[in-house]
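Both complexes shown next keep chain A, but they swap its partner, so chain B is in the first and chain C is in the second.
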Partner chain A sequence: MLGRTLREVSAALKQGQVTPTELCKKCLSLIKKTKYLNAYITVSEEVALKQAEESEKRYQQGQSLGDLDGIPVAVKDNFSTSGIETTCASNMLKGYIPPYNATVVQKLLDQGALLMGKTNLDEFAMGSGSTDGVFGPVKNPWSYSKQYRERRRHDEHGDSHWLITGGSSGGSAAAVAAFTCFAALGSDTGGSTRNPAAHCGLVGFKPSYGLVSRHGLIPLVNSMDVPGIFTRCVDDTAIVLGVLAGHDPKDSTTVQDPIKPLMIPGEMDVSRLCIGIPKEYMVPELSSEIQSLWSQAADLFASEGAKVIEVSLPHTCYSIVCYHVLCTSEVASNMARFDGLQYGHRSGIDVSTEAMYAATRQEGFNDVVRGRILSGNFFLLKENYENYFIKAQKVRRLIVRDFVNAFESGVDVLLTPTTLSEAVPYLEFIKEDNRTRSAQDDIFTQAVNMAGLPAVSVPVALSNQGLPIGLQLIGRAFCDQQLLTVAKWFEKQVQFPIIQLQDLMDDGSLVLENGKLTSVSLT
Partner chain B sequence: MAASVLRLIYPGRRWALAWIDGGSRQRSGTQTGPASNWARGQSSVAQLSLHTAQKPRKGEHKWAAVVGLEIHVQISSNSKLFSGAQVCFAAPPNSLVSFFDASLPGTLPVLNRRCVEAAVMTGLALNCHINKKSSFDRKHYFYADLPAGYQITQQRLPIAANGHLTYSVYMGKKRSQMATKTVRIKQIQLEQDSGKSLHDDLRSQTLIDLNRAGVGLLEVVLEPDLCCGEEAAIAVRELQMILQALGTSQANMAEGQLRVDANISVHHPGEPLGVRTEVKNLNSLRFLAKAIDYEIQRQITELESGGEILNETRSFDYKLGCTVPMRDKEGKQDYRFMPEPNLPPLVLYDATSLPADADSQQVVNIDELRDMLPELPSTTRERLVEQYGILPEHSFTLLNEVGLLEFFQSVIKETRAEPKKVTNWVLNTLLYYLKQQNLAVSESPVTPAALAELLDLLDSKAISSSAAKQVFEELWKGDGKTAAQIVSEQQLELMQDREALEQLCQATMDSHPQVVMDVRNRNPKAINKLIGLVRRASLSRADPTLIKEILEKKLSL
Partner chain C sequence: MWARALRVRFRTPLDRGRGFASKAGPQEKVQETGQGTHSPRLALQGADRVPAAKIEHLERLALVNFGSREAVARLEKAIAFADQLHAVDTDGVEPLESVLEDRCLYLRSDNVAEGNCTEELLRNSHHVVEEYFVAPPGNISLPDMVNKTPSPTAE
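This part shows the complex of A and B:
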């Protein structure tokens, strides 16, 4: 049952094949069994069980709230959850229990979803590995998959080669990949949803900026943050997006126009599509495997009659440095509220208010966060503002124009890699510092956030090592539905295999109806 | 637009400014406790004396002072600028705080339409250009009562700019010579107020009250067109009255709804401007004037003794009557401004730019607000002069004292007496009594109706004007008697019986032959003495005009 997609399990609930409480308990049990993945910071067992009970009553009375009623979901621990600790994986917010729900959390709960817990991340979502939070790194479930282990047979066994999930929403990705829930919320500022989705073999969706409310999302970069969605298939993403999308009076940056109900048609005429391949994304660091899958995917579209053209996004190479200035500046500003006065950590040093601030922030934030605050404040200084912040904003405008030009030339969707390579072992990953890693890993995803466009990472195939590889589709602003329609068609063609975690769950609780490793159509 | 009255200052000369405590006098009826006493304490000195700082000495260059003001005005609105929390003065600490006001992580600002409208109305009333597109910025500094670590303000692109405020000053010694002056308004920006810190030095604690955090402010920035404290106070008073007329702010300085920071420098005319200091948080017009003039004098003294002026922030110690450097403002502040990313640009419309399908609840229409502007003080004064034939300076006094105009108009409505008579009684008698006891107009024991009745008695010649003064004094005691009751109890009616009055005149003449002789000898003052004697004999109940007539007849003058 747990291996099913959200849509399938929703149907099962409606048909009474399983009750919300049974489903909830199975997920809770799996969460316990996969505790070593470190996907969850807080497991809200009691809340989930109570929600399941209420959902069950609704089903009994034939008053189901919809597709999400009784569906276990997880939420990244940088979304405010009323009565449930929200830490951002930081000492600063350890023990902080918000009094309100983020709008997206409330919308899920209003639809009857069961909140299983809060998932792990890089501290304040600053990172690309989910390795830099105070609760420790998240382990990629694929590290323990049959697919990966079989191909590493010559290697010594043991746990030392476990893989990172990518990040910063790695906990949410691991939670969905390990079947502990059917959908999870992440956040995406520079690729934080799409990157771990690619590494964990999931659909990772970043909506258009302004389509989904940020109220209650503890910000990284307000002008780029969006709540992201992890599911095991595109249809499930569409269901969740349908619930989340729309104007929120509490977030002035959400669109005012009413959102039409999301409809993802089963079939689509690919021959009318124009797919753009950005030539600047062909970088030397891109793994040959991914590069080859990328071109096969392009061929796939072409073979179905789509027009596939090369496009140029000439300012792509400035994206990371531009992002660095804008991100750290907003971080410096957003983090100013964490002073220990009203909530979160407060240092015992109290010789003066200033000394207390300094000690609180020293103790509360990790090096990555403090480093970004420092750089950001530097960029915002009066004497530097013109040279850094204003310039970065101008470059951002150029990057946005690149995309606009591409779409105006007739391109419907851009096809790119999501990551440079498949997931790497933790020991490999930590050889480089967070800043270098973030700069490298966001290369294909980050510009999308600058432009506020919708983008989705779709799992395409397994690498030679048996690890998932995702490709990214980027759509026009607010053409999220069209993007998901293309993604769904693409997903159907590639037939990505399901993760096989039998070794992990030897008691057989995980029944994979969809069966075996299917052939990878692209390789 | 005309405004308050300024008497230009002469070196060494003292001026009594009856109007000046009008601002601090105004207070809400709900206010209780120490704050109220404090407010009263501020307004207790009705007389303000000022010395000029620009006294030129022989053989020296003349100094000129340059004063610019930044005025923070709390917008009168039900809820805060970016949150739904209520706005209310003197509520229990931290009882009006939304999650956003407390800067809980993940909360976002949502702009209050009422505050935008207040800003537009104020901008229009101050002849500003209204920016159809304005934006918000974050201004960063760490302070315990600023929970987000930044204030949301409009640094780069404010909602209104390039306006002017006109006010009136008296020229020369005669009150009738008035001149109109103008101070340019650089900009008006919308911004958040901070919370309040209460320092408990005894326990070395700071207590924070966030009720005020996030309340909408208009920062009105004046160009440095002012030259002394008194002029600054007059300009602020005029602004205060405009805001109150608009209803965009209660502008009560004692409650902190209007706070002034003053930038002050001195220089020799024709030379570059001097280094300026900023005197912060001036919370009454009197202190504003005093602080500015003190600071001007201090800078002149400093420069003349070879010292230099530091570009620093100072505060006004109202007990010592001097300005002192603010210790916690030492060191250079860099506010690290950046655009507020959570608020889209604020777009305003006018009749031509308004989209046809616009939802009137979602848009702010400048033209609509312009049509809704109420009568502004300058217009009110012109109307008073025209309608009642009163002197222009009287129209200023009527508007300057809070509630006086309403009192005046109520009396006018209920009495048959001439407006000029009413003006005289309201501006001289009533105001004198109020000042004597340091009362607000609303606290007057004599109601408009009582005064109207009294003036009717006077108008119908039922009582003499001196008896009327007596009646007023009785009414002031406030023991509930009407004017008519007092007149009859104390037998203050004018003697209507001509025969009796003639007898009284005769008796007085008979008993004062010397005075009668003086009159006959053409001593012009003597007749007045005789009139006075008759009046005294009549217990002030006789009409002096009538007495004079009878006496003149009897003396065959």
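This part shows the complex of A and C:
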């Protein structure tokens, strides 16, 4: 039952094959079994069971709220959840209990979804590995998959070679990949949803900026942050997006255009599509396997009659630099709110207000966060403001123009890699510092955030090592539905294999009635 | 009109950050004259080095300490990384603050929609008296403290 997609399990709930409480308990038991992944910071067991009970009543009375009623979901721990601790994986917010729900959380709950817990991340979502939070790193479920274990070299025994999930929303990715929930919310500022989705074999979706409310998402970079969606297939993402999208009076940056019900057609005419391949994304650091899958994917579109053309996004190489300046600058200003007075950690140093502020921030933030605050403040200094911050905003316009030009030349969707390589072992990942890592890992993803475009990472194949590889599709602003339609067609062609988690399957929790695993893959 | 509203909205978070900065304003001079002597290893030694006075200025603005030479080196690397931007020709290009710049931003009507949550909000603070957040004495500036109290990290 747990191996099913959201759509399938939703149908099973409606037909009474399973009750919300049964589903909830199965997920809770799997959360306990996979505790070693460190995917969850808080498991909201009581809340989930109570929600399941209410959902069950609705089903009994034939008054289910819709596709999400009774569906277990998880939420990244940087979304405010009323009455449930929200930490951002930082000492600064340990013990902080928000008095309200983020709009996206409220929308899920209003549809009857069951909140299983809050998922792990890099502190304040600053990172690309989910390794830099105070609750420790998240382990990629694929580290324990049959596919990876069989192909791994024999000298690598034991657990010391576990892989990172990518980040910063690694906990949400691991939670969905390990079948502990059917969908999860991440956030995506520079690739934080798409990157871990690629590393964990999931669909990771970043909506257009302005389509989904940020109210209650603890901000990293206000002008780029968006809530992201993790699911095991594109249809499921469409269901969740359908619930989340729309204007929120509490977020004035959400657009008021009427949102049509999201419909992803089963069939699409690919021959009318124009796929753009940005030539600047062909970088030497790109793994040859991903490069080859990327060109195979382009061929696939071409073989079905789509027009596939090379496009140029000439400012791509400056994008990550521009992102770095804008991100640290906004971080410096956003983090000013954490002073120990109104909420969050407060240092015991009490000699003066400023001493208390400084000590609180020293104790509350990790090196990465402090480093970004300091860099950001440097770029915002009176004498640097024009040279760095305004300069970066100008470069941002050039990057946005690159995309506009590509789309105006007739391209419908851009096809790119999501990451440079497959997931790497933790021990290898931590050899580089966070800034260097983020600059490498966000290379294909952050430009999309600067331009506010929708983008989705779709898992396409396993590498020679048996690890997932994702490719990214980028759409026109507010053409999220078209993008997901293309993504669904693409997903259907590539037939990505399901993760085989031997330990989890032993107790039969992933085995269906006919003894077969089902999911996005039909193989 | 609406464009202006949008501009204002997107400036706000930055202004808040600089709010911190302006508070520190009066101390700047004192800082810069009195610095550079007691931490010579941070002094400008090459084109990439950030002067010690600036390091301490940043620490005051950010209310965050570098804490180590490595952290300063990290800033220097971050600046060198950012310097690549100067290779881009941006003549005549307007800065972009938001991708929604060409859209109207809607403001809510100014009606009270919710409230009465004082107690809930106060509950998240470590120190309150009645309906007030309690701060330590506010009239002692940070530099005065530096030599008088042990560094919080040293504890």
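Basically, the second predicted complex is superposed on the first by the 507 of 523 C-alpha atoms of A that agree within 3 Å, B and C clash if a C-alpha of one lies under 4 Å from a C-alpha of the other, contacts with A are read in each partner's own complex, and residues count from 1 in each chain.
The rule we apply is simple: a contact is a pair of C-beta atoms (placed from the backbone, for glycine too) under 8 Å apart; a residue touches a chain by one contact, two chains touch by 3 or more.
Bear in mind that the values here come from a model prediction, so they are computed numbers and not experimental data.
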Original post:
In the superposed arrangement, which partner chain does A:Phe429 touch: chain B (first), chain C (second), both, or neither?
Top reply: neither
Original post:
Should A:Tyr343 be classified as contacting the first partner (chain B), the second (chain C), both, or neither?
Top reply: both
Original post:
Which partner reaches more residues of chain A, chain B or chain C?
Top reply: C
**OP:** Kindly classify A:Tyr357 by the partners it touches after superposition: chain B alone (first), chain C alone (second), both, or neither?
**Re:** both
**OP:** Pick one for A:Trp142: touches chain B only (first), chain C only (second), both, or neither.
**Re:** neither
**OP:** Could you look at A:Asn222 and tell me whether it touches chain B, chain C, both or neither (first, second, both, neither)?
**Re:** both
Subject >> First (chain B), second (chain C), both or neither touched by A:Ile390 >> reply: second
**OP:** Scan A:Thr253 for contacts with chain B and chain C and give back first, second, both or neither.
**Re:** both
**OP:** Could you tell me if A:Arg214 is touching chain B, chain C, both of them or neither one (first, second, both, neither)?
**Re:** first
Subject >> Partner chain in contact with A:Ser333 - chain B first, chain C second, else both or neither >> reply: both
Original post:
Which chain A residues lie in the overlap of the chain B contact set and the chain C contact set?
Top reply: 96, 99, 219, 222-223, 249, 252-253, 256, 329-330, 332-333, 336-337, 339, 341-343, 353-354, 357, 377, 380-381
Subject >> Contact footprint of chain C on chain A as seen in their complex >> reply: 96-97, 99, 209-210, 219, 222-223, 247, 249, 252-253, 255-256, 315, 318, 321-322, 324-325, 328-330, 332-334, 336-337, 339-344, 346-347, 349-359, 361-363, 365, 367, 370-371, 373-381, 387-388, 390-398, 400, 433, 435, 439, 450-452, 477
**OP:** State the interface residues of chain B toward chain A in the complex, per the touch definition above.
**Re:** 99, 102-111, 138, 140, 142, 144, 147-150, 206, 208, 334, 336-338, 341-344, 362
Original post:
Contact residues on chain C for chain A in the complex?
Top reply: 9-10, 13-21, 50, 54, 57-59, 61-67, 71, 74-75, 77-79, 81-82, 84-88, 90, 93-100, 103, 105-108, 117, 120-121, 123-127, 133, 135-142, 145, 148-149, 152-153
**OP:** Could you pull out which chain A residues touch chain B in their complex?
**Re:** 79-80, 86, 88, 93, 96, 98-100, 102, 214-219, 221-223, 249-253, 256, 329-330, 332-333, 335-339, 341-343, 353-354, 357, 377, 380-382, 385, 389
